[in-house]
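Per-chain residue numbering starts at 1, and chain names A, B, C, D and E are given in the order in which the chains are listed.
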Amino acid sequence: MQFASSIIRNDNMHKYILRRVLLLIPIILGVSLLVFVMTDSAEGNVLQLIGDDYTPQQMAELMHEYGYDRSVLYRYGNYMKGLVRGNLGKSFIYKRPVLELYLQRLPATLKLAGASILVAIVLSIPLGIKAARSHGTLIDNGSMVLALLGLSMPNYWLGLMLAVLFSQKLHWFPSGGNLAGWKSLVLPAITLGTGLMATMTRTTRSSMLDVIRQDYLRTARAKGVPEKVVIRKHGLRNALIPIITIIGTELGKALGGAVVTENVFSYPGVGRLIIEAVNQRDTITVTGCLIMTAVLVAVIQLFVDILYAVVDPRLRAQYTTGRRKRGKKQQITTQGAVV
Amino acid sequence: MNGTKQQNDIVLSIKDLTVHYEVDGEVVEAVNNLSLDLREGKVLGLVGETGAGKTTTALSILNLIPFPPGKIKSGEILLNGKNILAMNIAELERVRGKDVAMIFQDPMTSLNPVLTVVDQVMESILIHETSSKVEARERAIQMLETVGIAAERADEYPHQFSGGMKQRVVIAIALACNSRLLLADEPTTALDVTIQAQVLDLMLKLKEQFNTSMIFITHDLGVVAQVCDEVAVMYAGRIVERGTLEDVFNHTKHPYTEGLFNSLPSIEDRTARLRPIPGLMPDPTQLPLGCTFAPRCSYATEACINTRQTEIGFSESHFALCSRYAEKNFVIDRKEID
Amino acid sequence: KESSDASGDSGYRDHFVAAINTMPVTLHPGDNDAPIVNDLVYDELIRYNKVTKEFEPSLAVKWEWIDDTATAFRMELRQGVKFHNGNPFTAEDVEYTLSNKGANSNVKSAFDHAVIIDDYTIEVYLKNGDADYFSKLSNTLYAGVLNKASVLADPDNGTAIGTGPWKYDMKGTLMGDTYKFVRNEEYWGKKPITKQLTLRYISSASSRLIALQNDEVQAIMEPNAADVDKIKNDPRLEYHSGTGVGPAKLYYVGFNMINGKGAKNIYLRQAIARALNLADIIATSGDLNAVEADGSFWGANTAFRAPTSAFKVDLSYNLEEARALVKKAEALNGGPIGKLTITGNTTKAINMSMCLVVQQACKAIGLDVDIEETDSAGIKAKTDWNNPNFDIIQYNVPLEDWASAVNRMFLPFSGNNRALLNDDYVTNLITKAAAITNDAERARMYQDLQVYIHDNAIYVPAYYGSRDGAQRKGVEGVVWSNDGYPEFAYATVRK
Amino acid sequence: MTKTVGASIDTGTFTKKKSQWVEVWGRFKKNKGAMIGLFVLIILIGIALTEGLWIPEEKVSTIVVADRLQHPSRAHWFGTDEMGRDIFWRTLYATRFSLTIGFVAVVVSAVIGIPIGAVAGYVGGKVESIVMRLTDIFSAIPTILMAIAIVSLLGRTTFNLMLAVGISSVPLFIRVTRASVLTVKNEEYIEAVKALGKSDLYIVFRHVLPNCLSPIIVQVTLRIASAIISSSSLSFLGLGIKPPTPEWGALLTAGKEYIMGYSYMCLYPGLAIMITVLAFNLVGDGLRDSLDPKLKH
Amino acid sequence: MEQPILDVRNLRKYFKTPRGLLHAVDDISFTIDHGKTLGIVGESGCGKSTTGRCILRLIEPTTGEIWFDGENVAQMKTRQLRAKRLDMQIIFQDPFSSLNPRNTVMQTIAEGVRVQKIHSTETEIQKRVLELMDIVGLAERLYNSYPHELDGGRRQRIGIARALAVNPKLIVCDEPVSALDVSIQAQILNLLKDLQEEMGLTYVFITHNLGVVNHISDEVLVMYLGQNVEQAHTEEIFRNPKHPYTQSLFSAIPVAKVGANKERIIIKGEVSSPINPPAGCRFAPRCQHRMPICTQQDPVSTEVTSGHFVACHLYS
């Protein structure tokens, strides 16, 4: 990790991180505009819901308070003004700052997503490697069928079944909520982790298969490197690169999938907040949560990219150019040889 | 050289090697009944067109044919008298990189992109010679300097090097443990002429320095002329002609070898029309019954098409696989050069 | 270690957890759709005894109209009551409760001004006659008493302070999910036995039941009807159907009386009313204790109910008659009726099944009905007074407080009138009745109202919904009421 | 002009190989899993296309109060639901809806995503970076959240559901298309066609897109699978198809309230989803393997 | 004197890269006469292909003039250019990426025939395609084959047929034989030579195989890092290379002859970066004869003997 920090200290890396952070701005702008415009086109208005039995005058006041008597752009502008100051607005329904609500829920969601990713990583990487190494055998086919099943199972369905089995029948784990410490996390994490695990096993396997075909593994074998070391040292580190990408995108997916899982298990995370807010047309909360999730995903992506650089020296060099993708024709050498 | 001495200094002896690849139910007969000997300190050039089976031969020597689909069907590969094909994996790992090392065709892909070059060079030293990291590193850096890579660049990664330098690193890896036998699989094909010249020069120097024997695989006859002592010409998995450089280049016997020379544009006579070998190499999954070259051969007779060639010796060192020489007065068009 | 206080009993667990199916959203009692929390934290001024149907003292010890038109009353308050923050409860707090910015419009819209006589005496003047005002004061949703000082000091969280038996545990409370309470040790009334109370919001009935079986919670609201047998057969559990005096909700089919297809076509409305087999609706409602609506709209107070014999038009289930009515409707319409739309709030499955049954019933008499699914906000948009946009609506109204229900349903332009009725006859009756303190006279007027509404098939009531619940064996003190939410204030569970 | 210059040279052997699609099919056929998947899919699609002809309407939608919540029996193979409708027929009948949702969602995303991706990849430069930035913005929100937002804001109709699931996977199609256009557009044959004076439009449609097909086809199959899952998840969250519509997600959602005593209500629609998604995934995997040029050599 | 068919003047092509301006082609000028072949040689990345592509304006030159048949291609409008391109065609190095894998031999060649608009009916087009296949030596039975069924040599023939389909005057051959085995290479070289003779084609022949360039071209242009270092008639330049780079380049060619490779000038180091190259001779860092002036001033191309141009301070 010292290695990692030294990479980050590198000046170009600084610039790169800054660029990435700046990239959040259009993301936030885009997401919020998107949500705002869509909200405006929706049938029915949250204020009608709140002001269920308000008098027309009270209603008008309410409309005015939230800027509903003006154009979307006005409201959007207002919202953005607040956003700059870290104010995501006040929930229509809960009447509290959205940021506060979000932050209250975030730790639970992070715990859930983290736990499921962890479970997925710990189980899928060895399994994927095993499958790749025994390519074409029963182990390979078996684990791939399992992975496919995991991928094909709607996870809310899995969650329901798990709850029936492990809570209702066996009383091993709580069926929901977040009041029983780590035990509360077990079923949701498995539910959410299954799909992730499936994808990751498949990715690990295919990336390992790719690497196994590479010439440099042959070079290593030709050196007399024992097979185990060949796989571990030469194979895995290279295979890790696509796996890391997957972990990044899967974490994003986990944050999304958490929405479903949290609702199956009445788990008090951001996902449940969002769904309740959606059900109540609490658009400002939805907007805020979406923005924060987008930011979170972008930040995770950033970390993944940095992790990349740790694993793949080729990418480290790319930071000097600030570009991830290397054009086919750009393989130019700057070094004069020393002969 | 007397007989016994000659026996003793044979580093590598391949006998009757046959390697097949089985893909989709089709059998690629990549190498067929191949035999050759290599003597200490000599460079054997293995030439032939794409798909002739050169790389397969080299990989067989390390017993590194990918399985599946590849399979060594028969034969014996004696390295310093020991049969590589009979070794178990532990023995093989001891031989690989130590007794026999290989330089691969494409320097761009044969280096591990996530390890520094010095790591990759010292790896074989650590496995075969010493367990001290410091010492291994020192020796690796020394090796890198020998191939012309400055010590301060030892901790860089392959992508920071140009093609020529990567090839030097590959060479350094191969030479790290002073193997007696070096297999060089088209080490310069991917390089520009000027860089190719540098690398060839380097390899020759190093060969002198360490007295290494070498199998030098290429399809460039010019390079062969430059670096090899002996030549074996492969066609469709068989060695069709072998001998000393002089034998093959100046006293060409096999019609295929002749065709190769005729296909080369000549530097002296630039207006002369080229005389290419007509047609294509046969599909390796459906090799012809008789002489594999017969369909393209202008000397071929009915007999050539139907029966396998036999090997004819012209001197102690010079052999060709052509049945026509059974006829008394058979000669090919290419003039002998003295 | 056990506490040594009087109400502490070592035979009981310290902590009681219940699963609720409704989500309290704010800390302001008047702004909270789920009074289940309100009853714990706040006290009402007057308590309504559902059994005796009498008002009883709570924070107010005495109250009386000081005029004949139900526009002014005087109230004497209980002394020595303290808010959770230690502030004493006074008349100022009452005035504030009825008039503050976030006060519930049911009390606030009628409130004109108050005269504080002394700390414990207050006179309240209303804008117009509202004979139901006391009944409104008996509801913590409308008038859960707030502490003026604490709200002024902290507008966001100050409303969480009440005088009730439980205090919010703000650290453990997660809005929209978990609500934690600790016992109010200074409570003026009967103190709870349990020290800690947690309410968990679990929206799915089956999840609630699993949690109950797993002893994660000790009581749940509204199990699935299909699971009731399971509960009854489970030795660890007890089933409780609501024990209140009246039904919880009325489910009904209403018409757009302003510009829908049935607005000018009484035969069409009657035809649909006669096509509905209420038994089918009930059977598919998923409500085990649902009761066929007997033609009147409210069950809470029988005094206001019209006898069924008073109805002049028979609207009972009869397909033959219904078909004949369709003929008449077509004649009136001058041609076929064409496609109708029924709009339902499908956030809950119950509503959807009712729409389906109505659709099938209409099909049986040759009416083509489309179902339009929408959520609460969608319904509200569709039933906008300026632009109503539906023919038939499936909806429900809570009956906890019949007066407000009648206002909500029938008073034109009331924010909640989903069937869009704009009928002078009805309006006049309602406003007149509101200003009458004489119960008998009011009852007669409301009965007339019902007959009119029934005969004209303005609303077709379907059934009275019930509330039920389940608890683990050993649970005591939960009040499972049918005409309101269950009360957990004194819930305990034996060890 | 003399007749021939070099015809005599072409004497080498030439074994006519099978056409590419035949070859792909040949590889595909060898993949047992993929064939099973394909078989299942054909059956499912067959049901979807013909169900109107042989599934009696009244079995699917008529409410029979007397038959409520019957466990599976000879009369009702999969049991009946809370409205007394036969789950077997409903599950069968739902095939069309569920597949349609998957297909339409993917068509939506493909129709939007592929041209945008193609233009971005082919034109490059500013256009490309703007498109890709927008794509980044879009994909910063997890797909399901995006779909939730769209569906909840636009209104909860079947059409909006398909739109939402479709739109949320547009970035994916943009990415996939762009990536393969990028590789194809650098191929020399594109330049050769340019040298023939052909217009860009011609090149994109005649040469670039056809060669980008493989990854797109694979993506389409896999996306249908995940669209079915996404839309049923939305139904589950109460944001998608409403229960009376026979759609697997909706059937399952209706059943979830009965999971305790009547788990068959969840079981069969759940299995239907799983089998369908599995079939699509198997076929997608099979296609990927058989279209993969790496395996060609 | 006859006007040259192609006259390239001061052609420059700079690519923007994240690390700076890449001088791929930096001030190249040359002319080619009708029916002749100009060989362009140089190391990988020195800008040979870029030059070739600029001639057809497949990429936009940064500056410079390209006079083809009396018209400046560099200034043409799109429509005009499209028409003009038909007089110029290009053949590529990689026989695998230069053919659309989804098109049959027929479709590929017919595409060029159709552009011509001479042959209107399908049968005419088919006839013409068969004729072209015959000309390049593709057997008729390959008519409906796909590229992946064919070997490199045959694929290269398809590429040639496609180029010939529009009856071009000039063909840019971008390393057409580098990917082929010697025996196939010889077949293709013969074919190209025959075609030139029969049809009076003009070739720009890009290669790094000096043997091939010697064999096929009338004139040779040696490039180094985007610049023209030497240009002369083939015989002259092989007999008498002047530029130190050319000298070492030529001496580095391995000749397939016993004992022919004795004295070689091995230049040190590798090609430096074409990104923002410093002033002065680009070869200076590797040059044995480097003088102070070499790193300060760009050498100018001077005609040392008739038709032999060298850009080196040694000769100015």
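For the reader, a short list of remarks on this structure follows.
Please note the rule applied: contacts are C-beta pairs under 8 Å (C-beta built on N, C-alpha and C of every residue); 3 or more make two chains touch, one makes a residue touch a chain.
None of the values given here were measured: they were computed from a predicted structure.
Any chain bridging subunit A and subunit C, meaning touching each of them, is among D; the list is complete.
Fewest steps needed to get from subunit B to subunit C, stepping only to touching chains, is 2. Put simply, the chain farthest from subunit B by mean CA position is C. Subunit A and subunit E have Cα centroids lying 50 Å from one another. The centroid of the Cα atoms in subunit A and the matching centroid in subunit D are 23 Å apart. Subunit C and subunit D, compared by their mean Cα positions, are separated by 46 Å. Those residues of subunit E in touch with two or more other chains are numbered 151, 187, 190, 268, 270-271.
Shared interface positions of subunit A, i.e. residues touching 2 or more other chains, are given as 43, 164, 168, 263, 279, 281, 333, 335, 337-339.
In subunit D, 8-9, 12, 15, 155, 238, 256, 259-260 are the positions where the chain touches two or more neighbouring chains simultaneously.
Those residues of subunit D that touch subunit E in the shared complex are 1-10, 12, 14-17, 19-20, 187-189, 191-199, 207, 210-211, 296.
On subunit D, the positions that touch subunit A within their shared complex are 33, 133-134, 136-138, 140-145, 148-150, 152-155, 186, 225, 229, 232-233, 236-239, 249, 252, 256, 259-260, 263, 266, 270, 273-275, 277-278, 281-282, 285. Interface residues of subunit C, counted against subunit D in their complex, comprise 204-206, 209-210, 224, 226-227, 229-230, 279-280, 283-284, 286, 346-347, 349, 352-353, 355-357, 360, 371, 373-375, 378. Residues of subunit D that touch subunit C in their complex: 62-63, 65, 68-69, 82-84, 155-157, 238, 242-244, 254, 256-262. Every residue of subunit A that touches subunit B in the complex is listed here, in rising order: 214-216, 218-227, 233-234, 237-238, 311-314, 317, 333, 335, 337-339.
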